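One chain, subunit A, appears in both complexes that follow, with subunit B as partner in the first and subunit C in the second.
Take a look at the complex of A and B:
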């Protein structure tokens, strides 16, 4: 497998609930079948926006730093925090700038708009085409498994605690059927005035 | 193609040796989509499959049943999903072998032996395999539900449940979670939950949910769901409509 998007492995999932969103990722970094690290989180926070980056490890790290720089510049110019919708468009344009030599990533954005209080989740392809979803978005090497899990477990208007259980079960059972994902997990449950980060203890194989 | 021929004819005779050769190749396999799923219980086994038959983005048939009942008084059910010409051939030849066994030995072929027979039939074509994911369901010698799953060249295993075919990757983790209770803990003790036999009603509900979800996200799955159920009383069939888009 010389496909850049599946050399290092990794998975992301985001779900919307009732006045809350959740985003979760695995912790693996590999080189094909060999696991190199089990401490490689793929979710990054900028103000009240969260982004999960899967794909080529080097691009995940590079883009997380590019977005930190761009959001800091936005904060200085606008003298306010960036909203998830705005951040999603910033991700989109950043990726499209590299239209003919793309970053090999599959990003997922999640957050709650600080003005309207509305949950926002979306996904992208590697050149920045936004996929806005009302229910859930998935990305990474176990995306098929995640689609199957989310489509059968997710239901509308989940409360934060139920959303945490749903997204955790979706992620854990999906990554157990993918050799390139797993080795732990991180889940963020985001409500208007609280962010809860939990570490998932999962099987280590 | 036409321009390539035209160029060849216009070239001087001396350049013929440098012209790129045109390669023709016959591909003996194709993919006819579809998904199958089997779950075994205390005194039953179910084998379900959708009835959509496709090639590429075309739907050849909305109702082409892929779950087959083998001949005999205590029947076994089998489905070979993938390249349907190979699947049909395997099941037809298997049915004949099962029938002849009953005449030669004056007893029905057990599920365990049928599984071994399927292995030898699949491995017999090791160098030109049947391009199929095969699942066999029935009752074992003790009357318990049995599910056997096979890879295209005959490697097999008895399992509690198994999904095969196009949407297997979508359904299998759901089955791990809901049938074998993987990653679930008892809230009171914090200990992992132990899987027990499901009732037939719960199993059929689970199968319908699994296929409804797979239909939603996989274009090769849909139209109708055919659920075959084996008990000591024989084989019963249930149909369930799936989305047709």
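Take a look at the complex of A and C:
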């Protein structure tokens, strides 16, 4: 009940396809069972890296601001964009800095390496342990449901359009079985030279 | 059981706060104002732990005013909201956090749009069309889901506000001694109506 990571609710999922990745989140922010807002996106873009932050609402906002600052500093120092692999390590170290008083989040990073063109997805626990995956990663209050949906829907080498359909169905059907997630969704489908953002209209309960 | 309610209409934000100051089972005051004007076009409404609320609100008010004097410019509602959230977020992980929930009602003179932000003591922040804190939320949000539109006129907005107040009077177990209804629009903050 007063578990920080399930006060506000929310879910994210990322999937890898053939030369593409997709990342999706729900739109709810609540206080326990009461829904406060249905316009609270949890995916943030930094250069060509995307991060989905679920968990305690305040830490989602705080971390999105911390990463904006750190990536801007990286861009100024290095005079180039940050790659998803590097960004994932930045997320990991940032979270571990607060090892004994952590941010209550379950982040997921997705992106395509601009040099190699390789898809990259990974997830983290709240203290920054990286969970690298070739297929899909999930996070948030409906992570169990998402594991089930992804396990049954995902297949290797999906094209961008099919990947969009797969990730959307996985997210929507998972969040329909979770009282703390839902109220719409956002899906990003990322290919080497194009980013497509789509809004999902879902059940409003 | 304080009532803090905010409703955006097409051109303004309506802020409703209860007038009772309660401690335990006693009503100490029946003309309490649970708001502070932090900038010419931004109103801060608050609830929470007794000492923390006014202390926090006036700390914010003073700092915003100081910033305005130093830079001879008015801060926009989103900027003020960001500042308040950061202060609450740092406080949350301190030895004695502020136990304050706030609504930030503002009129952005740059975009010519009203804006309402909901922030709780955990410093979760969301921009919303209408919001409430505490028990009032349970009774009023469903009414607002039904009757709120983004193109409400002020008169229509006040009508919806009256529906909410009537419902709260009917359902809340303790008399909250009427409300102060304030309006934030392009001309700034004004008190629209005070009820008994």
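Just so it is clear, the second predicted complex is superposed on the first by the 205 of 205 C-alpha atoms of A that agree within 3 Å, B and C clash if a C-alpha of one lies under 4 Å from a C-alpha of the other, contacts with A are read in each partner's own complex, and residues count from 1 in each chain.
As a working rule, a contact is a pair of C-beta atoms (placed from the backbone, for glycine too) under 8 Å apart; a residue touches a chain by one contact, two chains touch by 3 or more.
Here the structure is a predicted model, which means the values were calculated and not measured.
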| item | value |
| --- | --- |
| First (subunit B), second (subunit C), both or neither touched by A:147 | first |
| First (subunit B), second (subunit C), both or neither touched by A:8 | second |
| Touched partner set for A:172, first subunit B, second subunit C, both or neither | first |
| Contacts of A:156 with subunit B and subunit C, given as first, second, both or neither | neither |
| Which of subunit B and subunit C A:36 touches, first, second, both or neither | second |
| Partner chain in contact with A:58 - subunit B first, subunit C second, else both or neither | second |
| Those residues of subunit A which subunit B touches in one complex and subunit C touches in the other | none |
| Subunit C-facing residues of subunit A, complex | 7-8, 29, 31, 34, 36-37, 39-40, 56-58, 61-62, 101 |
| Residue ranges of subunit C touching subunit A (in the complex, touch as defined) | 85, 89, 92-93, 118, 120, 122-128, 131, 137-138, 141 |
| Partner subunit A, residues of subunit B touching it in the complex | 167, 169-174, 176-177, 182-184, 209-210, 213-214, 216-217 |
| Complex contact set, residues of subunit A against subunit B | 144-145, 147-149, 151-153, 169, 172-174, 176-177, 202 |
